[in-house]
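So, here's a batch of structures to check.
Both complexes shown next keep chain A, but they swap its partner, so chain B is in the first and chain C is in the second.
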Partner chain A sequence: MPEVFIDGKRYEFEGDHMALQYMLDQGLEVPFFCYHPSMSIPANCRQCMVKAGQYMKNDETGEYELDEEGERKIRWFPKLQTSCALKLSDGMVIQTQETSDEAERAQKDTLEFILANHPLDCPICDQAGECPLQIQTYKYGPEGSRFEVKKVHKPKRVELGPRVTLDAERCINCTRCVRFTEEISESHQLTIVSRGDKNYPITAPSETFDDPYSLNTVDICPVGALTSTDFRFKARVWEMNQTPSIDISNGKGCNVDLWTRDNEVLRITPRQNDHVNDYWMPDESRNAYKLFNENRVSRPFIKLDGDNQSNSSWNNAIETFAEVLEANDSSDILLIGSPHASVEENYTFNKFFNLLGAPNARFATHIIDGYGDDFLITDDQAPNTSGCRLLNLDESSSSELKTAVSQAKVVITLGDDLIDRDVLSVSDLEDPYVVSLATNHNEMTKASDLVIPITCVAEHAASYVNIDGRIQRSFPAKETKYSNRRLNLEMSEGRLDRFGTNFDNWVNEDNKVDCLPVWEFLNKLAERLGLEFEYRHSREIMTEISEKLDTFADVSFERMDEEKGIQLPIKQSKVEQK
Partner chain B sequence: MANDWRSFEPLLIPDIPNLQKIDVYEENGGYGALRKILNDTEKWSRENVTNEVKQANIRGRGGAGFNAGLKWSFMPKPDGGPRYLACNGDESEPGTFKDRKIFEYNPHLFIEGALIAAYAMTVDTIYVYIRGEYIDWVHMLQKAVDDAYEKGYLGKDILGKGVDIDMHLTYGAGAYICGEETSMLESLEGKRGYPRVKPPFPAQKGLWGRPTTINNIETLANVPLVINNGAEWYGNIGAEGHPGPVLYGISGHVENPGVYELPSGVPVMDLINEVAGGIRGGKNLKALIPGGSSTPVLRADQLEGVTMNADSLRDAGSMMGTAGMVVMDEDTDMVDVLWRIAHFYHHESCGQCTPCRDGTGWLEKILLKIKNGEGEVKDLDLLLDLTTQMEGRTICALADAAAWPVRHTINRFRDEFEARCKKSVHAVA
Partner chain C sequence: MAELSFTQEELDEIEKIKAKFPTVKAATLQVLWVAQRKYGHVEPEVQQLVAETLDLPAAHVHGVASFYTQYYKEEMGKFVLDVCTCLSCQLCGGYEILHHLEDELGIKAGETTDDGMFSIQEVECLGACGYAPMLQVTNGVYVNNLTEEKADELIKNLREGRMPEFESMQMPKLEKRNQAAS
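Right, the complex of A and B next:
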């Protein structure tokens, strides 16, 4: 098998590899800026320099040639090589900054050049804390600067488009953003203008950077040159918690990170998953964070007289709900599940009311034909349409649902604004008693007699099956009124959790929503109704689902964590409109 | 032969009136080399043509000095897809202004050479990339190309021999980097002129991903001479190891600046004193840049016995480059000269690679400080250090081209630079 020698250690390899990626795969570190594993290799930052050569072999015998001391002879390449563009070959010898003074010096020199015209203002830069340039300067850069002449000042605060703002003076011309628009989103909206140290990325005159994936350029910018107009200077990365989750704004289920501070989600960024979204996500999915913070249903609401809803205690809400269920025959109850809710929510919702004798829940798909593209935006606007189908919920068209509603005396819905998306109308819901388990105030909650606040994807551990049949899960990123980061093993802890106190002015109880996970609310309702229904955790629900439904066999939170989601034995390339 | 330069009769731009006209060119044997090949393709197979050129050792006149025939032989075997010859006429390095003489006085020699090269490499499309500022010469070459099409030397079924070759002219928008071979390919493809990472080399993956050879205009103009007269004849012109006629572009402080065609290997001082009429105003020679601004400057005292060919210039501590000689007299301020050169490379760096992008600007700014009398001696050492940080660390050679003049000019004229620096004041404890 072909072999390479990196910093004196032997590695065997198969197939074609570029040295930098190969070394990264082996857990070795070489600094770089312009290289991105999903895009072409321009080798322009010149940061990943290594010393490289080749062990010399005898052409006739194929044996390595030895020097007088019995060591293999090395033919060093005349110049240092950028490891990103260096293809591995049998017998290659590579010395990184760990073993080569020459490579170490070259990396230091390159950083000195990069910093020559780059503002040295990390304390105020928006990228501080997650800036590869900052990190690599500390690790590999020179001490101090010999640059004692005037820096180049490039344009600042340039609105490239509706979502991206450019601080050109920070640009190190890695061209990742330009290559992204050429090779990934294919909008070709960005290019580099001007030459030498005056150059920077921008759109053509009078054009705007409105690529539906424009914010990915902010994620991959290795400095603070491209910033998210929405998030810019809103928070510091070290103040926030980073929690893995799933995008719930469409059917692709892009893997994302939710960035929270003081129980508010402040931004959403993509999380790498080669099976689903690579390193990317659509801009519109990033806006979903507002739904997690704003206009939340906090504490139950009950319609007491006429159309007026008012806040109610949980006890009162549970009692009211129980009385409604007791007063009506189970055959008069219509359950409407939701492709916007998780597998666990739909399952427990359906199971609970099945126990009362109600038939399986229905659900309406949320699909807009032609809305999607061939990339990460789908026609399906919901994250769990496949999950609803796999749980055997009854897929219903708008007219079927309208008929069912007209025949029901009690309608119970789960986290889905059926009015806003024209599945039902307000008048359809005038006669039955309507209970909504909801995360946000909307037309549906307005039309409801009883509104039960439930946790959103940012607040619970739950799973979703994307349009390709891959089940993936979320972690709680925000505390609710009844959850505590330190008591719930699913939640990560950040600096402020560990070092902040309740007296710190950034800790705000107002941001904790008074809501419950669906299963926890149903636990309480079951206790009131005397039903045998109790879960301690959503993990238990998934365990039960995997035992009961063949499609979910062997599915567990642990496997989903380890394998970045699990491909279920179904594959739907397109979710059809019913 | 180089010693006989005084009796040399120009071959590339001979003194024949109206040679740019195709009829005159034909009357003087023009397109004879092409006819010779196409009339006897058995003798002059594509391989034999390449071998003849290889044997003649035409060293690339664009600056690198690589054997042209050897370069042609790197082209892979034809696979039925397109293959290209890209002719580099984007000369824009300070001191270099020779190709325009070919466009003006003997364009058909270049066209004929390019056609022979295309035939040898089984290329059916030739692109000529000309400096955009050369708009008059663009028109001249276009006229020649049009005439060649009309006469059947270009286009379909050339001379009825079943060979199809087209030639297209493209002119640059004024970027020095587009003269670098891979940036030129990017520019020809309609993209920003950034150098490409090698490998893959253009012969494997050039224009639009297809095999491409890039040759300088003057290099190609030498090809018909080799075919007409043979490799041996060509090899006897000028210096051994670097043969053939050379267009010397002599500029600067000489009485008669201009482009002169002479054999390679002419003594430098002969070129200055006899060919170019000596130093202007009878002054003394101070320095010479032998082959375009990127080639290391030589002091007058380093020029004794030096001839204009690769080996001699290498031994003297410089390079042949494009043979664009910049002559400087005793009044020349080397600080000003170096700052001006650094300004050029700063302005022309494409900005792709970090060491060049930020290094060229830094060099210029320090030199400006020194030029203005605000520099310190330690700045000279910083400049030298920065050149080592730039050299050999970038995709193309522009960083080297920017670094070498700085390093060699400071090293060879250090006293002058130190004298321009302000005196360092040190506190006495």
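Right, the complex of A and C next:
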């Protein structure tokens, strides 16, 4: 098997490898800026330089040639090589900055060169804390600068498009953003203009950078040159918690990270998953964080007289709900599940009322034909349409649902704004008693007689099945009134959480929403109704589902965590995609 | 600006240029020249026209056009005088020539005369150090071994529409070699 010697250690490899990626795969560290595993290799930052060569072999005997001391002779390449563009070959010898003074010196010089005109505004720069240039300068950089002349100032605060702002003087011309628009999103909107120390990325004069994937360039920009107009100056990375989650704004189920501080989600960034979204996510999905913070239903709401909704206690809400259920025949109850809610939510919701004798829950898909592209935006606007189908909820059209509503005396819905998306109208819901389990205030909650606040994807651990039949799960990222970051070991803790107290002035109690996971609310309702129904964690629910339903066999939270989601045995054509 | 377009003749020329290269992208430089010859500059609208004609991203054409100083990104005079003030020319009086031209035409370097006839630019080395001081007329002929009189004459000639002749300047050694070869 071909072998390669990196820093004096022998590695065996198979197939084609580039040195940098191979070393990263082995857990070795080589600094770099412009390289990105999903894009072409331009080798223009010159930061991943290594000393490389080849052990000399005798042509006739095939034996390694030895010098006087018995060491193998090395024929070094005449100059240092950029390891990102260096293909491994049998018998190659590589020395990184760890063992080669030359490579270490080259990296130091490259950094000095890059920093010649790069402003040292880390204290105000948005990238501080997650800036490879900052980190690498700290680790590998020179300790001072020999440049005493004034730095070149390139344009600042250029609005490239509706979502991306450029600070050109921070740009180190790695061209990742340009390559992204050329190779990944294929909008070709960015280019590098001018030359030398004046060059920077920008659009053509007549264009705005309105690529639906434009914010990915912000993620991959190694410095603070491209920033998200929305997120600029909102928070420092070390103040935030980073929690793995799933995008709930469309059917693709992009893997994301939720960045929270003081129980507010401040931004959403993509998380790598080769099976689903690679390193990317659409811009519009990033806006979903507002849904988690704003306009939340906090404490139950109840209609007392006429259309006046007012806050109510949980006890009152449970009592009212129970009385309504007791006063009506179970066959008069209509359950409407939701493709916007998780597998666990739909399952427990359906199971609970089935136990009471109510017929199976229905649901209405949220598909807009022609909305999607061939990449990460789908026609399906809901994260869990496949999940509802796999749980055997009854898929209903708008007219079927309208008829069902007109025949029911009690309508119970789960986290879905059916009015806003024109499935039902306000007048449809006038006659029956409407109970909504909801995360946000909307037309549906306005039309409801009783509104039960439930946790959103940022607050619970739950799984969603994307349009390709891949089940993936979320973690709780923000506390509710009833959860505690330090007690819930699944929740991440940031620096502020760990070292702060609840009495710090950055802590805002209002950011905790007064809501419960669906199953926890149903536990309470079951207790009141004397029903045998109790779960302690959504993990338990998934275990039960995997035991009962064949398609979910062997599915567990542990496996989802380990395998970054599990492909369920269903056909991709289950949800129509154009 | 009125709607821009290439004539059929120019389009034919562009087709010929395209045929020379394996990819359309490579033709960008030459087609930008075609456009600059026609309009005298490659302002954003002209870059757009080139991009549309070649079916390339506008950003790509903009990147190329902005990389090379020889493409004029704004409207320039009919004759653009690039006066070299780099080391050799500077030592031999490049700045004197530049300031003389500025006085003569009543504009500063980087400006264009009101009649749109002349623009003056101060440029870096044009690779003619042996015959300094020198200037270049509109990305074209070099005028070497400049004196103030020679500069005045050049202005006069250009006003009358006479472009200076191409001056063949041979290096002494090259002359010797050429003789030996012949």
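What we mean here is this: the second predicted complex is superposed on the first by the 573 of 578 C-alpha atoms of A that agree within 3 Å, B and C clash if a C-alpha of one lies under 4 Å from a C-alpha of the other, contacts with A are read in each partner's own complex, and residues count from 1 in each chain.
The criterion applied here is as follows: a contact is a pair of C-beta atoms (placed from the backbone, for glycine too) under 8 Å apart; a residue touches a chain by one contact, two chains touch by 3 or more.
Quick caveat: nothing in here was measured; it's all calculated off a predicted structure.
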Three-chain arrangement built on chain A, chain B and chain C clash or fit: clash
Chain B versus chain C as contact partner of A:T191, first or second or both or neither: both
Which superposed partner A:N173 touches (first chain B, second chain C, both, neither): first
Touching partner for A:A404 - first (chain B), second (chain C), both, neither: neither
Chain B versus chain C as contact partner of A:L418, first or second or both or neither: neither
Which superposed partner A:K150 touches (first chain B, second chain C, both, neither): first
Touching partner for A:E207 - first (chain B), second (chain C), both, neither: second
Partner chain(s) touched by A:A458 [first = chain B, second = chain C, both, neither]: neither
Most chain A residues touched (candidates chain B, chain C): B
From 4-12, 148-156, 382-390 or 418-426, the chain B stretch with C-alpha clashes against chain C: 4-12
Chain A positions touched by chain B in one structure and by chain C in the second: 191-192, 194-195
Residue ranges of chain B in contact with chain A within the complex: 175, 177, 192, 194, 197, 199, 346-362, 365-366, 369, 382, 389, 392-395
Complex contact set, residues of chain A against chain B: 41-47, 49, 78-80, 82, 85, 87, 106, 109-110, 112-114, 116-117, 146-147, 149-150, 152, 172-173, 175, 191-192, 194-199
Of all residues in chain A, those that touch chain C in their complex: 181, 188-195, 203-207
Touch list for chain C against partner chain A, complex: 44, 47-48, 51, 57-63, 66-67
